[in-house]
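Read from first to last, the chains carry the letters A, B and C; within each, the first residue is number 1.
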Amino acid sequence: MLIIKNIHASVDGKEILKGINLSIKPGELHAIMGRNGSGKSTLANIITGRDNFLVTKGSITYNGNNLLEMSIEDRALAGIFMSFQYPVSIPGVNNAYFLRAALNAKLKHQGKSEINASDFMRLIREKVKLVNLDESYLSRAVNDGFSGGEKKRNEILQMLTLEPELSILDETDSGLDIDALKTIAEGVNNFRTETRSFLAITHYQRLLEYMHPDYIHVLIDGKIVKSGDISLANQLEEKGYSWLEK
Amino acid sequence: MAREIKQFQKQFDNLLAYWPNEDPELRKLRSKAFDQFKSLGLPTKQWEEWQFTDFSSLKKINFRLSQSKDLPQIPENISGRIPNSYLIYIVNGHYQKDLSEIPESISISTGIDHFQSNKELYIDNNNLNPFSALNTSMMNSGICIALDSNTVIDKPIQVIYSTIDILNPLMNHPRFIFQLGKNSEATIIEHYKGSTELAYFINPVSNVILEDNAKLCHFRIEEDDALANHIASTNYILNSDSQLNSVSTSSGSKLFRHNINLAFNNKGGYATINGLSTIKNDQHHDQHIIIDHFHNACQSEQLFKYILSDRSSGVFNGKVVVKENTQHTDADQANKNLLLSSDAIMNTNPQLEIYSEDVKCSHGSTTGQIDSEALFYLQSRGISKSKSIELIINGFAKDIVEQINNEDVKNYINTKVTNWIEEVLIDA
Amino acid sequence: MPNALAVAGLLFQYRANMKNNQSIIDSAISQEYEYGFTTDIDQEKIPPGLNEDVIKIISSKKQEPEWLLDWRLKAYKQWLKMDEPDWSKLNYDDIDFQAISYYAAPKQKEKLKSLDEVDPELLETYNKLGIPLEEQKLLSNVAVDAVFDSVSVTTTFKEELEKHGVIFCSFSEAVQKHPDIIKKYLGSVVPTTDNYFAALNSAVFSDGSFVYIPKNVRCPMELSTYFRINAAKTGQFERTLIVAEEGSHVSYLEGCTAPMRDENQLHAAVVELVAHKNAEIKYSTVQNWYPGNPKTGKGGIYNFVTKRGTCLGDNSKISWTQVETGSALTWKYPSCILKGNNSIGEFYSVALSNNFQQADTGTKMIHLGKNTKSTIISKGISAGKGQNTYRGGVKIMKNADNARNFSQCDSILIGENCGAHTFPYIDVRNPSAQMEHEASTSKIGEDQLFYCNQRGISTEDAVSLIVNGFCKDVFNELPMEFAVEAQKLMEVSLEGAVG
């Protein structure tokens, strides 16, 4: 479904990704681990189309289409979702209204009719429970004044509502207490199907205990230096990253 | 011709007669500027940029240009001297070379010499400011400090411009030029100090140029006599990646007006411009600041504070202009005022004028009296009311004082502010 | 509906910004002005030009008492001596006051008693404007006084209001029926000499609305007036007076539209509000006069308006809310004079300047009484080549002990050729005052746009979403129906803007 070939990317002339290869098939959950600053978010941003990074080499195809040529929203409408590491707040914009606008954009793209306000509220009330977020958050402005954990739950709420094919979770676990972590992992696990894929970015092994990834990749200085199964995460937990560095 | 203009004309003619052998080009410059001054006249209430300040005191008194006979007995201890600094000493308009201590690495020149080798610096662009024109026409004192590229001065240079023991209402039009070459660094204290029995008029213009990557700390201290009229312009030009830390305090002078103009002449400049005015009785202090963001990636921060007592009045007018097609501008502007008396008046107008999209600009302004909550808090901790008030006022001034990154200057200002507060509280 | 080219144009704006790729499309075809139709009805119009005779004609057509004619003539003489103000940031060609016709009225027989008598064409116009008068009677709780060009045509809900003793009628009618009140208050808040345009209005005003709320009456419904300029080469000079007696309460709404014309049309209105002890007046405006041709900047309304309210009595309150999306030029400073102790003044404003529009707007809060409070929230949006200026004035006078002011002026910029300016002018003459002013200017957030895009929302929709969020604090102050309308208006106005 997603094929990344030899991606090089830079910002302000500084090379950050130095040849990434990664291929994700339907139903798979891949985890990327790495220290702060190794380029994990950069990779997520390139897949979703953020403009401030320059792809200098390589290709990304998504369901056979050249992803790099698509606009940000076309990628989103094609089924790619990112749970942001740092979700931005949008003052004055009602959270539920925002989510309905996003859902309607998707329905419209699929040639379906838009969802009306009352059906939407019914739908969203269900989902809110899944992430253990109070309903009152729906009527607040998007992420405005939300705590770190509330923002992350809100991201997952959006994922559950928009039902993407490929979900990129950029450090959705960081800053969460253990209960919140479980809630979110559970939300994701219940959401897993044979067609939905995930790319979970983290630098803790913690999340993976709950999520059971199919593959683990270690990103160091813009390159995937090692890939493996869950045992790799355990090794990292014991030995840290240095044994993988040259 | 208005009476006061006639008076200035007489002084102007005297000046030309006094220096008959001046460079003809300088004469031309003076005459042109004087014509301009005449055509503008003194500001009136109808002038938007001058509306809150009354200049009639300049009409009532005939000020005479300082002459060599006005050189007083030089006091043994120079008042206002800040320790651990070089000194350039000017008294009643007369440069005292012998008393000055000048670092070897800089070149100092007085007006005429400097003019001859740097004529381009004397072109007066500030052509709507009549006082600036007046200064150009009659500049009679001041000094130029020039730093070569890569020079770093180890100690601050204190320029004391003192006015003492005058026998007539005098006027002076000092012209200062501070030029910092590429990568050079300096701290300059421009210090006005006065103690007189008579009114006087001082009208300085300071042109400050920072070449690429230069760093300047410019501390301007105004402590003229309470009878003085001090009307000044400071013009900063910042080239690529240069940095300015400017702190200006004013506490003397009955009438004080200071125009600060700052232009970023190239990308990457950084300027903090701060001011503290502590005024009482019927003092009137007016500051106008314009910062032109005409180039990319420049950053400016302004903070001006006023503490007003008795019947004093303050004016703050700050403007940030961001030109079309500039990128990554970051400008912040704040004005905070503390009114200590029911007769004090504060006029403030922090403005933003923005023609480019890629900006982050903000400004804020507050005016109020001593926070009663804070007062209560301190008193409840057993501190006397007057001591509490003193602490709060001191705390208010602190933001600005803390911007002074030289301990000796900071101590000097701190002492002055504390004394001022004590005096005001005793009077009250 | 967003049109495809506008979307393309918008995308271009953001991509181009980030990558400095200037080459794609220059501008997109912008949204047509939705209310740009003219109405074909017989107009009674006096020839262009202004002199004492014209004023006499206006006055006699309205069968005014002599004192009013004298008042007009005095204002006219004063106007002749005044200069057009030049201190604003507005740039425009000189207005030829002799080329304007100062009176245009739809030709009609007599006073109308019911809607059935109104010219069907006229009613159709209102329908296009979205104010179906007939339906309103049934569906909504809004009484409408519609001012078509200069003469008030009809007023609904009269009877219901009369029951409560509320007077809501055209200004001309009030002059006939309630001359004492008019005489007492006319010019009491905005004197004829106040400014150039107020003087002009005082000389030539043709009609407007009058509201009187008796003591301790809470007006049972929201009162509303629609203004529309229809006739070519006419000016509109309406005059509104609202008097709220002790302990009364009223909410008044005003909407404005004008057809598309190539020449500029002048609108110089005066609004006076008087709130007595414990009274409250809430005045809301949604202004979308024709802004001029989005591509050439030709045409559009010149909107020079003087709006002012006096909080005469203790504990009174006046609140202005405005959404200004139209007009080629806007020159408008709804103000409050806070005379009564504990009185409150509020100003909530959204001003959008797109394409060639220029707005110079803000408020003045004059604190005279003790414990007076004022709040100013201003949101400026500049797009295209638009220039938006906030110009305010907060004066805290000597006797205004414990006065409070809070001002917040935020601007956003969309595109590279627009401007935003803030001139707050603050004057404090009492130490117990507490005044706080905050302002910020920035471009629309790239991170916010990316976030919306990542959720599949197009850039155009994202911009309108973010801008609407930015304006929320002001929209919240509008009555519900107006808030929805305002939001829609922002969308429409922005579509044209970002090209």
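Just so it is clear, a residue touches a chain if its C-beta (ideal position, glycine included) is under 8 Å from a C-beta of that chain, and two chains touch if they have at least 3 such contacts.
Nothing here was measured: the structure is a model prediction, and the numbers come from that model.
Asks: Taking the touch definition from the header, please name the shape of the chain graph: line, ring, star, complete or other.
Replies: It is a line, because the chains touch in a row without closing up.
Asks: Give the chain pair, either A-C or B-C, that is connected by more C-beta contacts.
Replies: Looking at B-C and A-C side by side, B-C shows more C-beta contacts.
Asks: Can you name the chain whose C-alpha mean lies closest to the mean of all the C-alpha atoms?
Replies: Looking at where each chain's C-alpha mean falls, the closest to the middle is C.
Asks: Would you kindly tell me how far, in whole Å, the mean C-alpha position of subunit B lies from that of subunit A?
Replies: It comes to 56 Å between the two C-alpha centres.
Asks: Taking each chain's centre as the mean position of its Cα atoms, how many Å separate subunit B from subunit C?
Replies: Whole-Å distance between the two chain centres: 44.
Asks: Centroid from C-alpha atoms only, then distance subunit A to subunit C, rounded to Å. What do you get?
Replies: Spacing between the chain centres: roughly 47 Å.
Asks: Which residues of subunit B are in contact with two or more other chains?
Replies: If we look for residues of subunit B contacting two or more partner chains, we find none.
Asks: Note which residues of subunit C are touching subunit B in the complex, please.
Replies: Interface residues on subunit C, with respect to subunit B: 17, 87, 398, 411, 413-443.
Asks: Please name which positions on subunit B make contact with subunit C in the complex.
Replies: 48, 324-325, 337, 339-342, 344-369
Asks: Report the residues of subunit C in contact with subunit A in the complex, numbered from low to high.
Replies: Against subunit A, subunit C makes touches at 11, 15, 18-19, 445, 447-448, 450-459, 461, 465-466, 468-473.
Asks: For a test of understanding, state which residues of subunit A touch subunit C in their complex under the given definition.
Replies: Touching subunit C from subunit A are residues 48-52, 71-73, 75-77, 81-82, 84, 87-88, 90-93, 98-99, 101-102, 105-106, 109, 141-142, 158, 162.
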